[in-house]
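One chain, chain A, appears in both complexes that follow, with chain B as partner in the first and chain C in the second.
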Partner chain A sequence: MSTVEQFEDMKTEGMVLARTPRQLAFARLRRDYVALASLVFIILLVLFALAGPLFESWTGHPVNKSNSTGVDDYTLLPVGPLHGCANGLASVGERACFVLGASNNLGYDMLVQLSFGARTSLIIGIVATFLTMVVALLLGVIAGYVGGWTDTVIARLMDIVAAFPFLLFAIAASVAFGASLWFVILIIALFSWFYPGRIFRGEVLSLRNREFVTAARMLGASNSRIVFRHLMPQLIGPLTVYASLSVAGAIAAEAALSYLGFGLPLEIPSWGRMISDAVPGGLYINAPFLMVFPGTLLVFTVLAFNLLGDGLRDALDPRGGTIL
Partner chain B sequence: MVRFLIRRLLGGIFVVLVVTLAVFVLFGPVLRWNSNISPARLYAGKNPSPEQIERVSALLGLDKPYYVQYGYTLKRLVLGPSQEERERVCPGSTAAECDELLGRFGSSFAKQRSVDSLIWTHFPVTLSLTFVAAILWLLISIPIGIISAIRPRSIFDRVTIVFVLIGQSLPVYYFGLLALYFLAYRLGWFPLSGYEPLSNPGQWLYHLLLPGLVLALQFAAIYVRITRSQMLDTLSEDYVRTARAKGAGETRVIVRHAFRNAMLPIVTMFGLDLGLLLGGAILIEVTFGLQGLGWLAVQAAQRLDVPTTAGIVLFSAIIIVAANIVVDIVNATLDPRIRLE
Partner chain C sequence: MALLTVENLRTTFRTDDGPVGAVDGVSLSVDAGQVLGIVGESGCGKSAMSLSIMGLLPKSAMVEGSIRLGDRELVGLPGGELRRLRGAEMAMIFQDPMTSLNPVMTIGWQLVEAVRLHQKVSKAEARRLAIEGLAAVGIPSPEDRLRSYPLELSGGMRQRVMIAMALLNRPRLLIADEPTTALDVTTQAQILELMRELRREVDAAIVLITHDLGVVAELCDEVAVMYAGRVVERATVDELFARPQHPYTWGLLASLPGRNLASERLHQIPGSPPSLLRPPAGCRFAARCPFVMDVCRDDPPPLTPTGRGTAAVACHLAQDVRDREGARLSGEERA
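Presenting the complex of A and B:
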């Protein structure tokens, strides 16, 4: 029996049961249908990304491979959704059906590219967020806890990074460093840590003079014990919230860079590049699905992580404002 | 006030210095170490011989140690190109001719022009786009934000929340392509791309309206949010209650008492966003084929035109820093408490 059910039971018996903050948060999250729907979408997206090789063998269209059957012989446009599917969905090989059409004028399979693009987005979103959070925690906690000129230097650094034009600098840096997955991850992390960093700094600043910290210090706790045992647990709430928002930001940033044609090497599928593939020669005018499939998936993914982060914030801190 | 100004100015200069250093390291040592591309090789044209590369290297002063090069780059940025460099790069031409070829930001690899003149040719496009978009987003977001705050949890407020969420998650280039497809291609209300100079105001606005609107809607999402939350905060302040108690009309309370005080963060954000956009609204410019600074930066980067890319990054950093300082001054004027910090 889960704690919440237990609680419901006790309530009917007219008893009051104390609940930990974590139980309260989960109970609130369970009632937040928008956040739950977002979570379901994200789980489905992960499954969709994992199914890439399945789609490859099912359609007979390997990732990043051009198919002559994917381009219309007369119009030279990528074929539309359900092309060649008259003989059933699973006809294999060159004649196989394009469930969602082809994704560019080389005849890549849209479904396969979308699935592998989802991998790219998720990997970049998660790894960049991990790095972002590590740096943000480290610098945010140091700035907030140590204070003094250390704080001043770190706070100024945050201001400088915040004022930097991300895309412009990322484009310039990608010329110098060359295209690679790690470059994209690092440049995104480099330009995203300041925001959660400011939040963590603010939290620590407001926590470090509270009674429980003074009490711990009075009992002889070392600085590292105070930071790790007393302060860090308080940061888990904001950490989860900003991690979710940061995944959304990182996915959007990668897509924007790829849309402009910088950052990722060509052999890594990306939704942003799929959208940009629809642009040359006004391809999207004649075949709007080329941009609509990757574009819609991108919007929903970013929206889902944003809404989840928002739901988490409401669940963890009901006093704080929602996204508005 | 003077001390406050000097401090902010020095801070700004420091940031610009950091940016110049970052850009210099990126396009000097990093580029060379990473891809074995030297600027001299890029400048020398197609398939240059080693002697040609060496000659160009000497011509551009690239044979000197990095710290000498960096020092010179800084000096040129502040004072303009030296007489010695002018004679080296454009021998036998008048000062005016040489200015076309060599400026504070150097000389473009891809075109036989100074980066400065390239920037000034493309900047009006970005300026126009920013101007149109900024007016639109303020006109859209502030009334909506205020109405939402006056009637929280009403249907209007809830619909607004949904639009804000979508606006924040919709990539501006995808939104732009959708707008182009439906409004420009299917309905034919707007041109598909291009820019007309201000000398023809009607055409100028006609070409900027759609990109301006797309950009504005994205920013409007954020501004509605800020306006709403600021207004909610100020509407619950004591002085608003006092104003009501003294019998002030609701319009007067909202406009004179609440909104005036809610404005400060909006002014701050507006200034910073203007600075950011003036440095190049890259995604919108590329999507709508507007040949502004952002578009130029992408073109230059694709062609490995290092001085132009570096020049635009520097230029936009200077604009952003200037916007920051202006915002600080405006804030300090609006709210005297800030100077005491």
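Presenting the complex of A and C:
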């Protein structure tokens, strides 16, 4: 419908539509095809991750299980995509058929490993982001609202964390404490809260001197009520944006750690380690798909969360244009 | 007994350059059902005083002296007790209705919150009170407006909502800090009309802060003229306009656009107010006063009753000089 037609529509209804910021944001998001595509990709990825057990029974290859059929008897290379699937998908389940090939020289099934790797990535992305946002909100809001001495301490703490070399510290800590799922999650959260924290601090700093905060105090609202009922709701915008960006960052950070061999323990499938499995002995030269499949999935996943974050930022930007 | 009694109030802000005495020894009182106007130019301490009364100043501000609401002393009251009084016993209307409502919450949410902060009532009951409150300030179809966000309302409507919100818990003291300044002229008139009606209905003491003598003439019973943190003159409205006593008040009155608009430029008081960082020793208006005498530069004149009702003035000029000049100005005004 053209703009003019919509306008005519409104006239016949005899009213001008007033829209809330939320409605405007949704209207903008609906037109942002890049963000929508990212959202669709993320939904598909979640379904792909949930389907892990289905893939296991379908292919007959349990996760983290070596299959002698997955390794070429002569070259000792992992078998390629559609190996042993001569009868098409009907042959899946015969244990010799590897739809996407094997993922390493032990003959793990690529499809199954990718699906469980997606699980790992999403869990780490979401849990690390949740922790990141909790700490960022808590410290950012306290720093911004209380101000003074407290603010100085927290702001300097943010500077210190920001200046810390993440990989160096993570590798050293991994050697010292031993890596586990929680270790990876905590270390990622520890090094990512400061950025959204600064954003929230800045937001609250500018909000707390606004007149409506004084007006709320004038009505007898307590500090905690002002923070939780008046200020926090205004942070939902930046919170969504930075949560989305933070998921991307956490997934990439986990892949990097696992690639370097300081990330997750071996029994947890990880895209990062799948990529690193292709490196020793130049395996990837003869079997490039070992790197291409997990690498592509990783790139698109990180990209999707980043683009969704960008789209949300544009949609929630109060300076954004009006859409009729 | 007066509902609000302020005695020798001093509000000092600590700044990097030293303490700034925004309010310096102000005393005044208002009775229930009365409207006290506080007049003065920007920076004379009007707003600092109202925020001091409400206890809304940041901790870095020092408030000394005495502020009594009924028989309760507010200076030095713990934060929690002050909070229970705010919104219930005393409320305030701010200058800019565009910014004093929370932009991301509906009108209804904010009104219901205001009720439930002080009254133990159900959500439904609070909603009913909110609708009643909106109706009382002349907002059409108040039930629909509960669902509106502030940005969907005009400035005048928002100020009405603000006034409704301030009055929801039937406060005994209402402070209005330039409630019409940010509105356009036609809306100003409507809001003033509303305040005049409310004045009759709610039996609250109202402190109206303004720099507009026209507003004072329309609404107030008594007036206090402030200059550089001090009250320089106080009187009933009739007395102030009939026999203004302080040279600063004369300046303010002369600056009003009169009936002979076409003929001349508006009068202005030459100079600007003194820095409150290092206030002058004597009368603070001395540097701008056309009647200044030697004594004015050294001795601050105390606020002394003129003998006519409650009127008082802080000026060294002799009574007959003040009467003559005031009457002359007042006569010119009428001519």
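By our rule, the second predicted complex is superposed on the first by the 297 of 324 C-alpha atoms of A that agree within 3 Å, B and C clash if a C-alpha of one lies under 4 Å from a C-alpha of the other, contacts with A are read in each partner's own complex, and residues count from 1 in each chain.
As a convention for this text, contacts are C-beta pairs under 8 Å (C-beta built on N, C-alpha and C of every residue); 3 or more make two chains touch, one makes a residue touch a chain.
Treat the numbers as computed from the prediction; the structure is a model and nothing was measured.
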item	value
Side-by-side fit of chain B and chain C on chain A, or clash	fit
Chain B versus chain C, judged by how many residues of chain A each one touches	B
A:40 touches, of chain B and chain C: first, second, both or neither?	neither
Which superposed partner A:229 touches (first chain B, second chain C, both, neither)	second
First (chain B), second (chain C), both or neither touched by A:218	second
Degrees between the directions from chain A toward chain B and toward chain C, using C-alpha centres, nearest 10	90
Partner chain in contact with A:50 - chain B first, chain C second, else both or neither	neither
Touching partner for A:303 - first (chain B), second (chain C), both, neither	first
Lowest inter-chain C-alpha distance for chain C and chain B in the superposed arrangement, angstrom	13
Where chain A meets both chain C and chain B, residue numbers	none
Contact footprint of chain A on chain C as seen in their complex	54, 56, 83-88, 91-92, 94, 96, 99-105, 113-114, 117-118, 148-149, 151-152, 162, 165-166
Of chain A, residues touching chain C in the complex	18, 20-21, 210-212, 214-222, 225, 229-230, 233-234
For the chain A and chain B complex, residues of the former touching the latter	156, 160, 163-165, 167-169, 171-178, 248, 252, 255-256, 259-262, 272, 275, 278-279, 282, 284-285, 288, 291, 295, 298-299, 302-303, 306-307, 321, 323-324
List of chain B residues in touch with chain A within their complex	11, 15, 18-19, 22-23, 26-27, 30-31, 34-35, 148, 160-161, 164-166, 168-171, 173-174, 177-178, 181, 185, 192, 225, 228-229, 272, 275-276, 279-280, 282-283, 286-287, 294, 297-298, 301-302, 304, 306, 309-310, 312-313, 316-317, 320-321, 324
